[in-house]
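There's a structure below that I have some questions on.
When the chains are written out, they are named A, B, C, D, E, F, G and H in that same order, and each has its own residue count from 1.
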Amino acid sequence: MIKFDHNREDRIKLPESVLCQDKTAPMIDEIIANLISTSDKGVLFTRLTSDKYAQLDPASTSHLDYDASSGTALLGKSRPIQRGSKVAIVTAGTSDLPVAWEAQRTLQFLGIAATVVADVGVAGLWRLQERLDEINEHAVIIVIAGMDAAIVSVLGGLTHRPMIAVPTSTGYGVSAQGQTALNSILASCSPGITTVNIDNGYGAACAAARIILS
Amino acid sequence: MIKFDHNREDRIKLPESVLCQDKTAPMIDEIIANLISTSDKGVLFTRLTSDKYAQLDPASTSHLDYDASSGTALLGKSRPIQRGSKVAIVTAGTSDLPVAWEAQRTLQFLGIAATVVADVGVAGLWRLQERLDEINEHAVIIVIAGMDAAIVSVLGGLTHRPMIAVPTSTGYGVSAQGQTALNSILASCSPGITTVNIDNGYGAACAAARIILS
Amino acid sequence: MIKFDHNREDRIKLPESVLCQDKTAPMIDEIIANLISTSDKGVLFTRLTSDKYAQLDPASTSHLDYDASSGTALLGKSRPIQRGSKVAIVTAGTSDLPVAWEAQRTLQFLGIAATVVADVGVAGLWRLQERLDEINEHAVIIVIAGMDAAIVSVLGGLTHRPMIAVPTSTGYGVSAQGQTALNSILASCSPGITTVNIDNGYGAACAAARIILS
Amino acid sequence: MIKFDHNREDRIKLPESVLCQDKTAPMIDEIIANLISTSDKGVLFTRLTSDKYAQLDPASTSHLDYDASSGTALLGKSRPIQRGSKVAIVTAGTSDLPVAWEAQRTLQFLGIAATVVADVGVAGLWRLQERLDEINEHAVIIVIAGMDAAIVSVLGGLTHRPMIAVPTSTGYGVSAQGQTALNSILASCSPGITTVNIDNGYGAACAAARIILS
Amino acid sequence: MIKFDHNREDRIKLPESVLCQDKTAPMIDEIIANLISTSDKGVLFTRLTSDKYAQLDPASTSHLDYDASSGTALLGKSRPIQRGSKVAIVTAGTSDLPVAWEAQRTLQFLGIAATVVADVGVAGLWRLQERLDEINEHAVIIVIAGMDAAIVSVLGGLTHRPMIAVPTSTGYGVSAQGQTALNSILASCSPGITTVNIDNGYGAACAAARIILS
Amino acid sequence: MIKFDHNREDRIKLPESVLCQDKTAPMIDEIIANLISTSDKGVLFTRLTSDKYAQLDPASTSHLDYDASSGTALLGKSRPIQRGSKVAIVTAGTSDLPVAWEAQRTLQFLGIAATVVADVGVAGLWRLQERLDEINEHAVIIVIAGMDAAIVSVLGGLTHRPMIAVPTSTGYGVSAQGQTALNSILASCSPGITTVNIDNGYGAACAAARIILS
Amino acid sequence: MIKFDHNREDRIKLPESVLCQDKTAPMIDEIIANLISTSDKGVLFTRLTSDKYAQLDPASTSHLDYDASSGTALLGKSRPIQRGSKVAIVTAGTSDLPVAWEAQRTLQFLGIAATVVADVGVAGLWRLQERLDEINEHAVIIVIAGMDAAIVSVLGGLTHRPMIAVPTSTGYGVSAQGQTALNSILASCSPGITTVNIDNGYGAACAAARIILS
Amino acid sequence: MIKFDHNREDRIKLPESVLCQDKTAPMIDEIIANLISTSDKGVLFTRLTSDKYAQLDPASTSHLDYDASSGTALLGKSRPIQRGSKVAIVTAGTSDLPVAWEAQRTLQFLGIAATVVADVGVAGLWRLQERLDEINEHAVIIVIAGMDAAIVSVLGGLTHRPMIAVPTSTGYGVSAQGQTALNSILASCSPGITTVNIDNGYGAACAAARIILS
């Protein structure tokens, strides 16, 4: 039943990847079997939880390089990594790290090195200021924050770099679904900031790759 | 049909005031006539637009001290102003000023002097830093912001003062109703910040008065 | 990966604390190890459920004073408690108690004694009236209520004290997420009431502390 | 194009009425002409604003008993009024009066006398307590409130009468559409309170009539 | 910590009951122990799931008359049942039955007999028409429906009885939370229908009791 | 700047039409001038209000067959009408007629005759039953309703015909935007009913045409 | 307590079916026992998860033809299948397949053959174009998509066939509940597309059957 | 009261601009007077409607280069335009043009040439395919669409360029506020697409400038 978009890479310079969230383990097993027999390209699996990974067939998992903290798995080869860290992945809090790791693994898969600058939320502004020069040395900035996502406007006013924000679903009450962080980013008073879907570290990495590889 | 809560001031140290928004001009005329004949206390009218003010009976307006920019009118005497500016009213942008003025007029009516510190949004962080010491000299801080309200978290991390935030309905798209600013404030990563309803400069002033007069 | 804001207390008189909700047990273990080795300040952990607490390393838990009913843990020393109960924590129902206890433990950590006045919802108005004088003796009132939060407006009309309301996520149907209680508080007909995020007993305690310690 | 439900009164003891809000003036003119020529029953028109009334054909308006403050018009005869005031219509504020008047006019059309008890919101609790005995003498209570609608829970805990609440769209920010008042009523901590749509004074009157006429 | 409203019955003819949903088993045990030692009145417990019931202390459960299908338990004596079925409880589908049973048990506790007329949704209109005369013999009608709740408008146009609708959270997609059924009822084209919160069979029963006992 | 999809008719048997709502009068003038000079096909303009029509250039309006009640205009020739009324357009109330007329005009433009059956809402069930046989003689049924849209489920249980529902934005409070009617239709307990966007009479007509012309 | 609508098939050509989602296993057992003893018609059970199926009485399951992947079970005989595949069921992604299978099983139960065309989402447009002629050979198209559901507008512009879209609840962040896919379909720029509730493969199949069997 | 962020350009390579929407004409006049006397940098005014422009002081307007169709005005000099069109601004429909023009004017102000490719929505897919090569020659693509915004996923699967989407508030019913278009873009099945606030052509232009000028 599966139809891969194998020439996607030729069209958009990004290979197809597999979002595991709404797929059952048998579906994923079938996809892997299909890929192994028909293609030698590397493929990235995202949102693959430890629980679902444990349900996969050993015939599948033996081909995967799985990382539980980011929920990602690689099948086959990644691209060779270019020299120099090109993307700064900045997080407001420790709880935002899984999304940061998803972005970092995706970039690595695409051959792009990235540096995570964690835990520099603006309630303690000096933490961000201390790392600002390092952040500004990167070609693209991915900034990851939940709750009020205030770091996005502050950092957006301190850098001229292209900046892609990722709202996260951390917090509780009005912030728990990530909608507040998302809207806060969209309404940012700093000009020229863009965003992707809530918790979408993968998408932010692809957007950064479009800029770097274009 | 009108029933005033004349002893409110004795119970909660705040006199009753009149929210004009959903009242017709004849209703407001009737309230004023009633007040003039039964009480000598000062009364504050809020959300009284220029258009509605123009529809009032001259017999009413002759008793009012009206200020169009804040949409407020005073009937009778305000309390004498205490010495020294007690409240800093900080705004992120120029568009937030009408709400700031509503707060300032309300405090003035309650006998409390306040200073407006306008246009110090965090897209240009130095503007806030430049005024920080002045802001911190006040007993209470009211901070007024629309859109992403990022200034609230930043200022909340730079002051130990009680801080009351007012989200405003400025902006467009996801920010136009003030709901994004409100949720952003509620989800702030800085601890101990409180909020009132969208555009509610009057309420923030009353909350500040509860702290100062308590 | 963790970056503490150790001088937060100097800036805002409130020490940094750790929100455990979106952190995995290993993340929390790492934070505790880091804190023990680098600081002798007391740190408060909030939203630490019994389940997650049970997953922590004994090397972590041996340093914690954990209270399951409020979901809080203390690492190191609290401040010495000032004399006299300064904050009245009023709840509408029994179901609101866990949030009340989070507020009380936070205040205790900050050196402030607080009294819980439970189960005085306005469906039986006499219960609140019976305790009113006692409540009014405190410098600050925290009122905690879910569903329609009607107690907030009633109590707000009976006290001149600064009042911080906390909506809770109790109830079902339209009330279950706490949004109805939150909006009800924001729309309160009593003047000068402020609010914090849904279920945020910690935030209300910090706001009370800003008033008392300022 | 109009099809009247002339035997509705036989089935449900309530005659059909005409909601004018989404109808153009020519549509209403056509309905009136149709009614005059085919029926001698009284018909109530609701949500007929002064502006729309002014656009009607004089041939229509000459048959109407129009009341601008409630936005209602009567065509033909009302039922004879039964002896004694059967319904107490209680409002929290002055701004809720137009909805109260719509309810009162509807009841009058159905032959039921009603008393309006206005402006007894719970921010000043004594106002409601002062009128409580009078309210409790009525067979049914309609309570009308916007914003947080806190009066509903308080009154619900003080009366054993059937109580129908009407949320209103007064206020601003989170209260302006009436959704907060509606949800607050639905989540009331007082048992056995029912509600109708926002601003629906007509519906509350019909519900009261079902109880009284059943 | 528990404060009962023991004289509620004198004020509103409805005894206090205990909503178990957000209470832990130990809280409920404490409430029961408290009640047994201080009162001989009957008390109704609602939203008590089988799982939570199983966690209660045998010292508690030995005093309870528990019914799993409605999630209710009685402590002590119910009122004696009046003669004749007074309330028709009509459901659109089989899935609405648990809410119907909650209403029926509550009425029984209040001394009022009720008849459940199940599974008469309007997709097969003849089912409702077949039972219409029987339904109309009751003094009050409670109608319970999820999804589009279309039965409410249809039945409302076929009966002159007071009618209390209960939206349920059955269905999926746009109907799963019960908000669609609730709004549909509030917007009903049949006049004089009232509603209570989603799934609130208890509240509908209390509203019916207010009418019958008033 | 305008790019017509002239071969749309070949692909999908429906010609392109022009949605005027968000276009300025000069934009529409430019579109008409462009069409007149490049094509001899008939084109339908929808959501063209009287106000906007009055702002058009006489050079434009001289080519249009405009109907204010449905807000539609025809440029050039319609298709010849097929024999026999193929579509029944059923409305719950008089206020739904403008949407019905938009559907009827669209079908006429596509060469399909349709009959409007107005004002047969289910609060008076006999009105629908009286017209049922006539309705069932048509190949496709379009049913148009606002508020709770209860007619949709009732009619869906009485006909085997393909049925396309159109929610309308009539009513007030929870029904005013049409979202309640839309969700009610989507949650209908009658099987196999489909829907289109709120007030989208044009879309329902096109869907009916796809069935009839396929 | 169960009341079947056995003559539904005569009225609307679709037999009644049983939505299992909100029914307990004992309720379903009772329904099956009732059906076996009173009817010989085939009945379809939908949304019957493996977990719930496992809880059914063997006396029930012995009569069911259960398919876990679509969550459907057949009791008794299906209609004989007509010749030729009449419906194309098109899915954007692999995750949409369970909804596609529910539609296919429902059509099979109604005697209509259908072909699933899976995984042709528009991110790789060639996949859809490759299958377009095959799709267009069917009398009705059901298109199933979550997230942004962009395939619906694209396919709607490439076919003249009646098209019924089913939004799915796949994805995360703003797409997880299916509301984005639903609204996207309702707002489609391609004319004449209809939709059903989120994940409602059963409803789409019934709508297709109304067209084919009418 | 106005505080400009004059050194913003040095920090982020984008000069400050003035959002006129929530500012009164006198506020804008004051801003212009202030700018003329203190700075010689060019400043862009956005969301300046013809109505508000007409209310400005001639002393203000004499310094402005105003364009009504995009609602923008320039004060002082723009940057010199770089050679070659760098940005393709693609719109789905004619109604999206004002947002496209806002983006184009902003880019021009920043010294970057841009080409508008209008009216290539995917209901007629050939229109986009016809312009694809031209679009792909630009360094950055801005794509502007309302309603279902399906063009975003399609174009995202056909280009490797950085792509910034702008949802617009065109359409009616579920699409009128632009929220459906926004969510649709965020949920796009094409990887690496970013977005800005609804109707925010200015923000998209700034984001494109960050990429080109970085």
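A few notes on this one:
Convention: a residue touches a chain if its C-beta (ideal position, glycine included) is under 8 Å from a C-beta of that chain, and two chains touch if they have at least 3 such contacts.
These figures come from a predicted structure and were not determined experimentally.
The chains in contact with chain B and with chain D alike are C. Residue numbering at the chain G/chain H interface overlaps substantially, since over half of the positions present are found in both copies.
On a Cα centroid basis, the chain most remote from chain E in this structure is H. Chain centres here are means of the Cα atoms, and by that rule the chain farthest away from chain A is D. Distance from the chain C centre to the chain E centre is 34 Å, each centre being the mean of its Cα atoms.
Centre-to-centre spacing of chain A and chain H amounts to 27 Å, using the average Cα coordinate of each chain. The distance from the centre of chain A to the centre of chain B, each centre being the mean of the chain's C-alpha atoms, comes to 43 Å. The distance from the centre of chain B to the centre of chain F, with each centre set as the mean of the Cα atoms, comes to 48 Å.
Multi-chain contact residues, meaning those touching two or more other chains, occur in chain G at positions 8, 123-124, 146, 156-158, 171, 173-175, 179, 182, 186-187, 190-191, 197-198.
Applying the touch definition to all chain combinations yields A-B, A-C, A-G, A-H, B-C, B-D, B-H, C-D, C-E, D-E, D-F, E-F, E-G, F-G, F-H, G-H.
Within the complex formed with chain D, the residues of chain F that make contact are 94-95, 97, 116, 118-120, 123-124, 126-127, 146, 170-175. Of all the residues in chain D, the ones that touch chain C in their complex are 92-93, 121-125, 146-150, 152-154, 156-158, 171, 173-175, 179-181, 183-191. Residue ranges on chain D touching chain F, taken from their complex, read 1-3, 5, 7-8, 16, 19, 21-23, 27, 31, 47, 169, 178-179, 182, 197-200.
Every residue of chain E that touches chain D in the complex is listed here, in rising order: 8, 11-14, 17, 139, 156-164, 182, 186-187, 190-198, 202-203, 205-211, 213-214.
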